[in-house]
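Each of the two complexes below includes chain A, the first together with chain B, the second together with chain C.
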Partner chain A sequence: MWLEVVLIIIVFLSVAILGNSRLKTIIQLFALQSVVLSTTPLLIYPSFHAIIIAIVIAILKGVLMPVLLFWAIRHVSIRREVQPLIGYATTLLLGGVLIGVAFLISSKLDLPDKGISNLLVPCAFSVIMIGFLLLVSRFKAITQIIGYLVMENGIFLFALLLLEKTPLLVEMGILLDIFVGVLVMGIVVNHINQEFGSASTINLINLRE
Partner chain B sequence: MVFTVYFCFPSVFVNLEDGLDKMGIPVLLHLGVVLVLSPLLLGIIGKTKACLTGRIGAPLLQPYYDIGKLFRKGNVYSTTTTWIFQAAPIVCLAAVLVSSLLMPLGGLKAPIVFWGDILLFAGLYGLARFAMVLAALDTGSSFEGMGASREATFSCLTEVVLFLDFIILSCVSKKIVLSEMVQGNALTSWHLAGPALILMGVSYFLVLLAENARIPVDDPATHLELTMVHEVMVLDHSGWDLAYILYGSAIKLFVLGSLLVNILIPSYHLSPFMQTMMFSGGMFVLSFGIGVVESCMARLRLNRIPQLLIGAFVLALVGVLVVLLKGA
Partner chain C sequence: MVLLSTAFVHLMTMAAFWSGPHNTQFNPFLGFDALSQLVLTITSVLFFIIAIYLCGFLKEKGRSNNVLIACLLCLLSSMTLVALSRHMGLLWIAIEATALLCAPLINYYRTPQGIEATWKYLLISSLGIAFSLLGTLFLAVSATTLKTVFLPDILNNAVFLSPSWLKLSIIFLLVGYGTKMGLAPMHTWKPDAYGEAPGPMGALMSGAISSVVFLAVFRVCQITFHAHLQAFISPVLILLGILSLGLAAIFIMNQKDFNRMLAYSSIEHMGILVLGIGLGGGAVWASIFHLINNAFAKGLIFLVAGNLFQVFHTKKIADIQGVMHKLPLTGAFLIVGFIVLSGFPPFGIFYSELLILKQALVTHQYMAVFFYCLFLAVIFFGFSKVILNMALGTPSEHVAKSTKKDDFLMTMPLVILTVILLGTGVFVWASLYHFIDEASMLLGG
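What follows is the complex of A and B.
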């Protein structure tokens, strides 16, 4: 039961991220989501392996990445997503539709039943979908990074099905990759800002010599 | 006043013909509790807000004084208004009073219980709002017409969420009667349907704030152009009519709040005394919570309010999906 509550809180937080326009709040919500996410391995499969993963995720995604993103928005001094591609209300409605689709898809999937919880797969899909939606519907590079990270949180939820089988080294490798990815993106945001005077990726649609 | 009595006590009139049997006394007791206690919630909210901002604030009983003061005054009617304007506050108060009869309050069972009464519950609030919107249009003021249109727009969004929440509740409890839905198997429902109940609680709390014109949606404290949703509709009312409206909104907050408390605090299997204690504690915590929300948030910009309500809609939708998936 606690696992399901945690899963629902994770979906709730991604909906909240979707409906928010302040970058600071979005990053804080993401950090909270990651900390909540870090408790899931412990609830499914309490072991040494799970404890290490939980601690690493809480530190990396709950503290380090948000600090990095805060540094990035302070550097480029943007506060909020001014002009999203689709309005916030429409995005939220689309998010609701996507969550419905996620529940529908996962009811059709023929996964081997691990006896964990039948909410795990739908929630993982919902979070992945919402991450996608954030990626495609926002212009600011920071919001897109958050979208990518939310999507990654969803993928992590999905990978929980295979928690026992995955070696610790592989998980750590994935987490390191994501961290480096976010680091690079943070620097890229800075460069976009220096080049164009704003951190909007809409400036990146033209090719130049 | 005769109107009010007639609207409020139809069942009493019916039952008086059979002698004062089982029905009459519980109805009067229920109405008495609602009428006496509901302005206290506004007092607690006001005191919480004052404490959190470092003021002493108005006394806890200030809403009672306000309503009493208005009852001592006379009514002033504009010459452009018709009987609709005078009837609306009475209809509004009567509708919310009848709706309170469908709601169990702690140890007090709901006096009126029948199959499908959730539709009546939602419909009575629709009726109250309809009367207020008509009265606002009746004044002929464009300012009030604007407030009426906004109220109608937001209520379109809140009602959908309210019904989705009812669907979740009835799926969880497998009942379609309000007092059985909230009490049916609430003690066990947290284990079976905790996630859906959390989603329902959050989305219903947003509906509660929107329906009662509290802060993220509307500011109840000012009567200026800033609050252009609910307060603007009652600008032309005075004296007794305004007292009815204020009393009606206090009762609305009490009844809708008690629905949330009834759902989230499972106390059905306890003794009546303990139920009442749990219920009172829950109501206190709820009004404290509303006060905290109001102290730390500013009113949302008007075009962001639909966004908030659509967010509530999405949460309720996820709740319905979860309930359907779990088959609880």
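What follows is the complex of A and C.
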């Protein structure tokens, strides 16, 4: 019961991220989503292992990552997304369509493990697709990173299906890699700022055929 | 110095493996079979040669290279991990590590273009990494009855995997690792990254890292073949291969930047590799043979590109003229690299391309045959026009004045690479021959 509520909140939060233009709000929404996400392992398998994973996720994605992102936007001093590739209304509509597609796909696949809520897989797919949409439809480097992180949240949601089966090592590797990835991206964002005067990827058009 | 000695130790360890049996399992996570040993050898030899080259290359810059060297060493260890991993999760972690460690190499010159290339590379390859992670998770879901994703377990029980999840997983893994390898629709980072990276880094990326990622794609195909889904994956692989070839053919014509042209050539060869596996049978053997020759040939030509950049200070093809005149040795190796890469008869690439063509004819894939021949011919034409202009011709005024000559440390590696290419392509060593046989058996070749 609680699991379903949490899953739906996560999907709603990703839609809210999709419809927002202020970067500060987007980062806050992302932090909230990550904190909500960190409760899911506890709801599925209440065990010691799950508690550790929940704590790691909450600290890493709910606290450290937003702090890093806030630091980046203060450094680059940008507040709003520039005119996105696709308008906000259209992206929201597309987001809705994608959620529908996610449910459609998951109804076609047979789940090997019936024990967990059958909302888990469609919700994971929806979050992944919304993250992807965010990544491809925005220009600011920071928003693209957030899109990537939302996508990773969705992947984590899906990985919960396998919490019992895959060893801890793999999960830790996943978390660590995401973290390093964002760190490197952050450094590059800084460089983009120094060289071009704004962290917008619109300016990155020199290399073309 | 540290770099060179580590590379040497790695090479020696590698050589020690050769004397042992071909299938070893150190622990559940690490072990190797014939193909991973082959890939590891390519990586190790190429890294050693590039380490020699870098001693000459880095000497001329008046800056600290500590970060670069640290990255290179970490890259070597993560490439080794890819080759040795026997667990799909570990394989993924190692490939992600190589992807991240390449970023500082691309951004070596810190120019605006370099940063742009690095950003594109990071964004696209992290997407690829995310897709392959998703694919790995799908694989784990399809293997819920096994409760592991260790490669031997999956291969032995591939028939019992849930087919719908397995198909989904194969598609995601192919797209993900294909992005890292630079196959056609997902290749967009490659010309930028190779175009901006310095020559030796390009050699490392197109020679060693591409081979390592090819190993990952090969593993995916292995799982598919064991699950009797050849009919599902073969058309996808053939399509990807032909697309890569076609795209390379279009962009190699009238290319203005030498390094970018080499990047498209790399896309072309990756396409041929995938095409080979897709056709199956004897083409798998050809693919592995092609892998070895391509890795060393790419190393050779990118190092030549590095030499040219040091003397001419430009990558524009129009400004690089009369290499033979100015740098006789480098010029000679430029021609050698061109002959190997475009598949002239004496070298190995000609033989493997011919074998793949034969397999395509035998299996009646006439569409593939048509496009394969067409694109190869176009690529050959575009390539030869550019390279011959560069090698012959007369050097422009300001270049003629500079007194730079061929540097010993920077031509030695070229000599070694040519000798290796002769050994792997023209007079194929008998042990290598058996090794490729054994490796292609993994995919029923």
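Criterion: the second predicted complex is superposed on the first by the 207 of 209 C-alpha atoms of A that agree within 3 Å, B and C clash if a C-alpha of one lies under 4 Å from a C-alpha of the other, contacts with A are read in each partner's own complex, and residues count from 1 in each chain.
Going forward, contacts are C-beta pairs under 8 Å (C-beta built on N, C-alpha and C of every residue); 3 or more make two chains touch, one makes a residue touch a chain.
Note that the structure is predicted; figures quoted are calculated from it, not measured.
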{"item": "Chain C versus chain B on the shared chain A, clash or fit after superposition", "value": "fit"}
{"item": "Touched partner set for A:15, first chain B, second chain C, both or neither", "value": "first"}
{"item": "Which of chain B and chain C A:1 touches, first, second, both or neither", "value": "first"}
{"item": "Touching partner for A:141 - first (chain B), second (chain C), both, neither", "value": "second"}
{"item": "Which of chain B and chain C A:119 touches, first, second, both or neither", "value": "first"}
{"item": "Angular separation of chain B and chain C about chain A, which is computed from CA centres of the superposed model and rounded to the nearest 10 °", "value": "150"}
{"item": "First, second, both or neither for A:95, with chain B first and chain C second", "value": "first"}
{"item": "Which partner reaches more residues of chain A (counting touched residues only), chain B or chain C", "value": "C"}
{"item": "Shortest CA-CA distance in Å separating chain B from chain C in the superposed model", "value": "20"}
{"item": "Chain A - residues contacting chain B, complex", "value": "1, 4-5, 7-9, 11-12, 15-16, 19, 88-89, 92-93, 95-96, 99-100, 103, 107, 118-119, 122, 126"}
{"item": "Parts of chain B lying in touch with chain A, wherever the complex brings them together", "value": "191, 194-196, 198-199, 202, 304, 306-308, 310-311, 313-315, 317-318, 321-322, 325-326"}
{"item": "Residues of chain C that touch chain A when the two form their complex", "value": "89-90, 92-93, 96-97, 100, 103, 107, 110, 112-113, 115-120, 122-123, 126-127, 129-130, 133-134, 137, 140-142, 144-145, 147-149, 162, 164-165, 168, 191-192, 195-196, 251"}
{"item": "Contacting residues of chain A [partner chain C, same complex]", "value": "108-110, 112-113, 128, 135, 141, 144, 148, 151-152, 155, 158-159, 161-162, 165-166, 169-170, 173-174, 177, 180-181, 184-185, 188, 191-192, 195-196, 201, 204, 206-207, 209"}
